[in-house]
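What follows is a pair of complexes built around chain A, which joins chain B in one and chain C in the other.
Coming up: the complex of A and B.
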């Protein structure tokens, strides 16, 4: 099983690559890659996505093609004319506009598909572990929320059944009242018990501690530098370099503040996950794809306007995209990991 | 002093987030086309970084004043309840942009204050995104916008509380208490539209379509607003009206009992554990 950070890098690399091109050949290659990787992970028993990328494509591609085709009246191959008196829609409907809209829909499908794979392949527990130490309390809130979601779902089911037995039927929003209020009250009762248990175990022992003034001051300084840099970037074209410098400095100040705040929190792990060869291989694959994408931006360029032509295909780019296929080429996860995942799903 | 600095952090992170979101409207018309285009290409990436940093700064400040066990427990459970409502939205698609998660965020922010509202908004979107497979490049923007809906609901709560105190001495005292729900309805309606309008801005610079609806760097504030207005009216207004109307309907139907329940628990959560040397007693503190 790959590290959650590696999966995140893989999804972001796919996002950057897909956003850099409108060439149908590269987009189809990316779509095939995400489909193969998704299928390989699903075979290992990953979580199932609520909306499959195929279903998403059947909605996004025709809608995008239709919207662009009807509203953009540009391109040499005119299919038919809509009356000029129609606001926005009036004018020539061209093959190029339809093709460009469909390509946008396909790009969206690739991005959706990549993040679907990310969501499927990464256990929620691993995602929570990515929470920076500075946000330790946020991580606790998130853990409580995720632990209580199954209980709350069962609670909702019980309340609905109880109300149904009394003859209650949901016909409008007002009929939700006898369901939502008991759900809320029972949830808050549980929160009350949880808070008492947490206090009893000493969780509140450090409550009341104030944020050090130095940390607050650093945050103000970081934000001020960012705002100044951003304003200079927007309104003073000649100050572009110093503005970018100010933005980088502001980001660094906030990053250091976050790191310092996080140092105060002790982080312990019951069983540390080891970095594997598979993780390194996937990172290398992403780095190759990302490097080629960022250094060969011209080679990715394609536009169907003004006349639809065959898109170019560079073998080097095609090979570089295959770097994203690495997660599918790794051996399947061990049975133990599968068991752990199914245990997590059950709880 | 601390309150002043904390206020400055809220203000600056809000300003940064808003400036980051609305940058397409401020690309100056005087900029040379090449400069405008160059900045137009890297501005969206910078926007994502700035929005992320402003959320980070605000979270560091909000969490820095250590959250009590009561707040952590209540926040966790309320986020769970609201996330379950999002399951309903995923399982049974509702009309347009209608989503049952905004009304609880707004009501919780209104009752418990801006800090709680911000955390409730950000964590609800994060937790529900994790469990419904909704993690993607859109998530930081959703968290930021929902967080601000909760934060501003807290400010609204403070304003109405202040107004109620003033009105309590006047002859309108009996009517003042009944104004909460209508005020929240208006607020929910505005945020229903605002959420969509803000979320559109983050992808609008990448969107393709007719020239009169797409973003071009350096065309000036007036023209950019007109183009965005046309884009919003064509692509999002009907969708967002369903969300705004849904917020109003939910607040009208569930607002009063939910506010009552939350206020009751707010009072119950006002307990503090004293050390062994002191007698155990109930003391009023902020949850």
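Coming up: the complex of A and C.
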């Protein structure tokens, strides 16, 4: 199992790369890579994504193509015209606009797929650890929100079925009431139950101390310095240098204060994870992909406007993208864990 | 014992550990906005190391009493409180749950609602991480509770892949991680099948007997817990009395008894038996005076059709079934769930469908109402196929009550819930049964303006029943209808089912509750791995080690399943002799 920070780097690299191109060839390669990595993690027993990337694509691609096709009236291949009196929609509907919309939908699918894999592969506990110590409680809230999503999806399904067995059909907005009300009430009940359970297990008992006045004062001072510097930078060209100094000072005050606050948070970590060769390999793969993406921006460029053409494909870029495939090439975590355990037993 | 030595090695206040007895003095608590107190002048003591069962009907204040122990009441709920409560040297009412968490562990009814993270080991460590316990100490404690609760093999598992019983054991393990000396559990087995419930109870017995943990447990199904407890506390909602004492002392003074105790009281057995093993000694003496050639009570039921309150049991009329399932197959993600199920129900017949969790019982019901599409097979109601029809259409003829009645309820009043169903089916102008009549039958006429979600578990379930039966369906499907219900509510449910049967409705009841099946079912079908492996009269239960009710275990071979049948059978035998 990889470190949560490594997974985060992998997801961000995929996001940056996918955002850097509209070439359907590169986007499809990225989609294949995230699908393979996701399948490999699922085979290891990671939790399933609530919505598969394929299902996401069936919604995102047509919607995006339709929206772009109807609102962007640019491109040489005109399919048909909508009446000009229609606000926003009136004008030529072109093949290029539809294609660009579809490519945007595919890009969104790649990003969704990458973050689905990140969510699948990272245990909730590790997500809490990703947050800075000063924001530990925020991290816990985020992790609870993540575990709430699948629970709420299951609840929604159950309630829809329960309402269907009393003859309920959705014909208008009002018909959602029998589903929304129990969903909200059960969600609130679950939230209250969880809060009770956490308090009963001592949550907040050691971190419930109030922030000292000095910390609050420093945070306010840092924020004011930063905002003042930013305003000065915007409105007075002559003050740019001292303004940048003020921004840096404000940011430093906030950073140091947060670091000190984080140190004061009393929290320990059960079984800290050790860095592995796998982590290093995945980081290297991401670095290669990221470096090529940032240094070869022109090679990534493709636009279907003004006339749809075949997209280019550079073998070097294709090879660089394969760096993101590294998580799927590592040995499965279970085997790794078994090996680790037998090593522990031998020693 | 690792657990004990580890406690002393961490330098805990040994004085506090030794003296964590519980003492309530004139405790009165009222929830915000409620006119009546939930607890009135409660005075009682619980000694260190006792296994205590808190019993009483729904709404009697069992959960409130438990929540007082760690200060969730009043710190989490608000409300007014008077009197005193001490746990050792601690004062929960003043200090609150966070201060009490190292001393009082708390386990809730639904294990899923208390999980914060997604893996077994992480969930157990969560409280320790937040208590800033050093990592080496933390590993020791996690190992301890994993082994104590027999969860070591599941340490890496995702929580949502565990069975109900395993989840509840993880919840208990998570509560034990802080090494409390008292464990309070609010109906921890109410959501579990009998085998899983037994596993959880055995784990609690081990904690109590081996480690000396004080266990305070609220539970409706007394028969499950009575064999293990030292003390029974009975809360009554009607008067302000709290009965506390040995189980036998308290059971003599209350009416809601499990079958074994009810029989023992009726026959004047002394000492009152709490376990089937104890009961067998008395039963053997009674049986010594019986004539084995006499007909069994069940046989006489068939010929005379009499019973004290469970009503006449019917023989299935298989020639003309009202409801028929034939060779039904269903698969999910390539895995066969139902593999050729055959079942039929005659008009007015109540069939109980039993089987372990995951055997396919709920899947069968969902196929019948069209929520799932079977791969193969027939489902017919009064000769017409239900396969391929829409759920909304089927539900006019087939009433389906899912496991959680809360999923059905959303309207502002009890009456409105019934109106909504009629409106859904376009039956508002000519309802098959008027909401007023149905509410009277359900015993809800005085609550027709109440907000459904504010009602007790039993009342809520009756509202949900009303919402699915206001179309007067010919077939009623009930999925685990007695979960969380007390004996009174269960008795009320059986009465209602009998009335529907008399009106000609067929009923398919999915349940783990063997005592309910013994009282209400005309026939029992056992489902295992997607196949009906037995389909026979309820006597079938008496020979099953897993499903036999208490009376059948007491008098094996007689075919008696309920207290009334046993009393009647014994009366007859006595008369003959």
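Rule of thumb we're sticking to: the second predicted complex is superposed on the first by the 216 of 347 C-alpha atoms of A that agree within 3 Å, B and C clash if a C-alpha of one lies under 4 Å from a C-alpha of the other, contacts with A are read in each partner's own complex, and residues count from 1 in each chain.
Following the convention adopted for this analysis, a contact is a pair of C-beta atoms (placed from the backbone, for glycine too) under 8 Å apart; a residue touches a chain by one contact, two chains touch by 3 or more.
The shown structure was predicted, so the numbers you read here are calculated from the model rather than taken from an experiment.
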Partner chain(s) touched by A:135 [first = chain B, second = chain C, both, neither]: first
Contacts of A:166 with chain B and chain C, given as first, second, both or neither: second
Touched partner set for A:76, first chain B, second chain C, both or neither: neither
First (chain B), second (chain C), both or neither touched by A:198: both
Residue contacts with chain A in the superposition, chain B compared against chain C: B
Touching partner for A:181 - first (chain B), second (chain C), both, neither: both
First, second, both or neither for A:190, with chain B first and chain C second: both
Chain B versus chain C as contact partner of A:123, first or second or both or neither: second
Which of chain B and chain C A:158 touches, first, second, both or neither: second
Contact residues common to both interfaces of chain A (with chain B and with chain C): 47, 124, 140, 143-144, 147, 151, 177, 181, 185, 190, 194-195, 198-199, 203-204, 206-208
Interface residues, chain C side, partner chain A - complex: 70, 72, 75-76, 97-99, 101-102, 105-106, 108, 110, 112-119, 121-122, 125-135, 138-139, 142, 156, 158, 160, 174-175, 178, 366, 369, 371, 391-392, 395-396, 399-400, 402, 404, 406-410, 420-421, 424-425, 453, 467-468, 471
In the complex, chain A residues that touch chain C: 45, 47, 123-125, 128, 140, 143-144, 147, 150-151, 158-159, 161-169, 177-178, 181-182, 185-186, 190, 193-208, 266-272, 337
Residue ranges of chain B in contact with chain A within the complex: 1-2, 5-6, 8-9, 12-13, 15-16, 19-20, 23, 26-28, 31-32, 35-36, 39, 43, 46, 49-50, 53-54, 56-57, 59-61, 63-70, 72-81, 83-84, 87, 90, 119, 123, 126-127, 130-137, 206, 208-210, 213, 234, 249-250, 253-254, 257-258, 261-262, 265, 268-269, 273
Of all residues in chain A, those that touch chain B in their complex: 15, 19, 47, 49-51, 67-68, 71-73, 88, 100-101, 104, 111-112, 115-116, 118-120, 124, 127, 134-138, 140-149, 151-153, 156, 173-174, 176-177, 180-181, 183-185, 187-188, 190-192, 194-195, 198-199, 203-204, 206-213, 215-217, 219-220, 222-224, 226-227, 230-231, 233-235, 237, 240, 247, 250-251, 254, 257-258, 261
